[in-house]
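The structure is given below, and queries will be raised subsequently.
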Amino acid sequence: MFEEIGTNAEGDMMINMGPQHPATHGVLHLVITLNGETIKKVDPHLGYIHRSIEKMCESLTYRQFIYVTSRMDYLSAHINNHACAMCVEKGMQIEVPGRAQYIRVIMDELTRIASHELWWGAMSMDLGAFTPFFHSFRERETINDIMEETCGARLTMNYMVPGGVMNDIHPNFQRRVKEFIQLYKRKIHEYDELITGNVIFQNRMKGVGVLTAEQVISYGCTGPVARGSGVSCDVRKWWPYEVYDKVEFNEVIETGGDSFARYLIRMKEMDQSIRIIEQLIDNIPDGDFQAKTKAVLKLPKGEFYSKVETARGELGVYIVSEGGTTPYRIKFRSPGFSNLSILHDMAKGGKIGDLIASMGTLDLVIPDIDR
Amino acid sequence: MFITKYIKDVFGALKSLGVGMKRTLYYFTHHKEIITEQYPDNRETMHLPERFKGEVVMPHDEKNEHRCTGCTACELACPNGTIKVVTKFEITPEGKKKKAIDKLVYHLELCTMCNLCIVACPSDAIKMAQTFEHSVYDRNELTKILNNPGSKIMDGVE
Amino acid sequence: MTNEELKSRITALNPGATYEEGGEWLNVVVSPDSWASLAASLRNEKDLDFNYMFCLTCVDWKTHLTMVYHLFSFTHKHTIVVKAKLDTKQPVIGTVCDIWRTAEFLEREVYEMFGVHFDKHPDLRLLILPDGWEGKNPLRKDFEDPINMIRL
Amino acid sequence: MWSFSKIADFIHEFLGSYLNSTWTMIAEMVIAGVAVIGLFALLGLVLVIMERKVSAWIQIRLGPNRVGPKGMLQSLADTLKLLVKEAMTPGGADKFLFNLAPYIAMIVAMLLMAPIAFAKDFQLWDLNIGVLYITAVSSISVISILMAGWASNNKYSLLGAMRSGAQIVSYELSAGLAILTIIIFTGDLQVSEIIKSQADGWWIFKGHVPAIVAFIIFIIAVTAETNRAPFDLAEAESELTAGFHTEYSGMKFALFFLAEYVNVFIVCAIGATLFLGGWMPLHIGHWTGFNHVMDYIPSSMWFFGKTFFLIFVIMWFRWTFPRLRIDQLLNLEWKYLLPLSMLNILLATAIAILGWHF
């Protein structure tokens, strides 16, 4: 299976990082060429968690395939489901009721916060600080509890269905979300105290893994990775879906291009998500939470593409339909895949510690990359 | 000037470290903030929301009757082939043949708790139970038959 | 640029291009031989400037394969979809990974999943599938794996 | 009052009444050796449970709470587990060096135990170059890490060992210079003399700014020297999986683990001895009443109290800070700590010559 990896022709040391490595967060396998501690080449070997979700979806109906997508980027499962539901709605021309749109957006933003919280903890752990992980999980658990109450599951909710959402929100939902906002506002400054302001952390992050705007666009990076290099690419602003055009929020952009810029983007994005939720939570309109749809969904012949902004960037769903009950071909343009491809450019010339730091700020979720 | 910047750097760095240490000392001394849940000791006090998707069950009433008509809507809705409906024909008192379920086989090991079968069921015969401790020593025990032995369909459910 | 303007602009660049109706965006069908040169001008011409490739994939139509490229321009905010029909037996198309760097990984993925050979790709190896998988292409419609594929 | 010195005297007299002086000496050495090994095991158990509890509370967790009362026997259970685990030697490893390395780590830690004064008149070996001996012997520990990293035949281990080599060699300098500050004040290398000089006040209070700066530098340097976070680059978990002891398992791993904790204890004991007066109680000027009360606390309590406070500080560092990068680590030493400690020494010398210290 694996070739004998020792040194290459130039006498550089080659080292396997992963698939079981504490910093690769899953089963990413990087073959790194090292000159001393300096990285010369990073070559990702993927596929350890490849389940061929695209092939699986070809045999599932339009109602069924949505649940599989929760297993791609499991940290933003809601948003993945949202993208798929939206694509089916686009094909069927289903009008989603206002209540469902509000619920969807609130859920998306909660998911985004939960995802960023986990990223914050895991990235701090990569840099050797273990305590933040537990502190971030305290807030994340609250979100998971809210999800559990309304959707019935904590991680892979399968709450979005074509035409709306599966259940109406739980009666406690609004109260608990408001409680969470209070908790978040009380605790968020601790994050800065623990990590953001820390001189060691700043030295580890500043000037590390610098990406230019051209590089980022050429590599198709999206989300905080692209915005950290000053590229405006937030799908919520560029192609607003659901009620994102009705709420006020800023697209967070930093121009540093280094790891610290990407870090700041995510921290500020959490604040923006809170802002969106605050605007929506009291104004959820009455009405149906689901549009009336036929029992069997059949997309007309054609091609449909929808995109959403997940916590990691732009997720595109490309459905080719032959008019049947199952998609003929489905392609998920996952943000992690493009973000991973830039890793070599990012880490080249740096130290191993820099690779860990910049990989942490890419926020890779391996099932999202392998699909 | 170089020296002032140097000194400022050192003091700024020490201050930022001090701020972090103050925060951790706070948690070190404030044990009320501890969030550990001592599962499984807290089984009695643990609260699972009523919508929690644990496993699919078929509620029976005290007369050992269920609401399943054997329409296979759940089987069709399931993305994983988790549910298999085995039907039989019963002779009603009027002498007519009527379709009824023999067994509703449920493979917990294949189930992803996506809730699609519950949504699809026209007669509310199945629902999600709030259990989650599914570990068993033998994989075969995960294949369950949801209807009780000898149960029959409730009157008035079509 | 509007779709009509794009159409005339692309016809000027590549007279052989045909256009498909339907879909959100302008669908351009080109021949595989002319794709690489068209791609370079789509990226480099100032008024087109498609700098962002947000999706690259392939569809197996049993009779032929279709490469699908989704392109967007951050400067001019227009989108097009370029398609190229390939032969099923010997699918070959020019690489665009020197134009859009993201194509390098995406083309490797298409190479292993559909068996499309990308001309002049610098590093056409398997990316996701394990070593020694060459020849069997999982996302082709005729792919069969009796062990790992469960048919409902 | 209960004290270690009385016990030592008692043993000496007891043995002396039965044996001649040579055999008394040998018997006492055996007892001392056994005591050191026992202290080792005890320290390992106590420090591991302390670390786990400190980390748990900082991380808003409960920590070990199942084995024994409040989980206090957890580390005993861990030791049992490590004892019965298979100790594997990877193929291609240099077997002799691979097996030797953990013992060297242990031996270094044991040797360092000799000149430490645990209580009043309770010291294994009060040699007249005590502090020099400590700085000399503690540098040997790098050899065990290099040995382990090289012999493992693992690239992660090798990288870890190389990092640790660079790290320990450089931080030795500032640790040495910080110790030197105190030696300038006392003018003596003997540990007992250094403690005696602090009878009227600890050096951290008496020595003005230079002593405080030296103390801070000392704490940073020894944290680096013992490979503790934020300077745990040799075993940087997220970068090198486990660094130099990646390939170690079972008891051999436990020896490294133990050596790390004992080293922490020793450097903290040295810090307590040099800067915080060792077993000397806290005396403030002419407050005779207060000083009397302080004298009633046994000297061993003072020593262990100070040492464990410093150990807590080092643990507190570990669970608060992220890790440095290797070049930043060396920058910190060569660009900040070394110039600072050199300046500090100049200042201390000036103060000592002018006699400004108390």
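We just call them A, B, C and D in the order they show up, numbering each chain from 1.
Basically, a residue touches a chain if its C-beta (ideal position, glycine included) is under 8 Å from a C-beta of that chain, and two chains touch if they have at least 3 such contacts.
Treat the numbers as computed from the prediction; the structure is a model and nothing was measured.
Of the two chain pairs examined here, B-D and A-D, the one linked by more C-beta pairs in contact is A-D.
Farthest from chain C in terms of Cα centroid separation is D. Chain centres here are Cα averages; for chain C and chain D they lie 63 Å apart.
Chain B and chain D have CA centres that are 51 Å apart. Remark: chain A and chain D have CA centroids separated by 45 Å (rounded to whole angstrom). Here the spacing of chain A and chain B, counted between their Cα centres, is 24 Å.
In chain B, the residues that reach two or more other chains under the touch definition are 17, 20, 23-24, 35.
Residue positions of chain A with contacts to 2 or more other chains are 131, 138, 194-195, 198, 200.
Those residues of chain C in touch with two or more other chains are numbered 152. Those residues of chain B whose C-beta lies close enough to touch chain A in the complex are 12-13, 16-17, 19-20, 22-24, 35, 48-49, 51-53, 77-79, 112-116, 119, 128.
Looking at the complex, you find that chain A touches chain B at residues 60-61, 63-65, 67-68, 131, 138, 141, 148-153, 156, 158, 161, 166-167, 170, 190, 193-195, 197-200, 202.
Note for the complex: chain A touches chain D at residues 13, 15, 21-23, 37, 124-131, 133-135, 138, 194-195, 198, 200-201, 203-204, 351-354, 356. Of all residues in chain B, those touching chain D in their complex are 10, 17, 20-21, 23-25, 27-28, 31, 33-36, 38.
Chain contact summary for the complex, chain C toward chain A: residues 22-25, 51-55, 57, 59-60, 68, 70, 74, 81, 100-102, 104-106, 109, 127-131, 138-139, 143, 149, 151-152.
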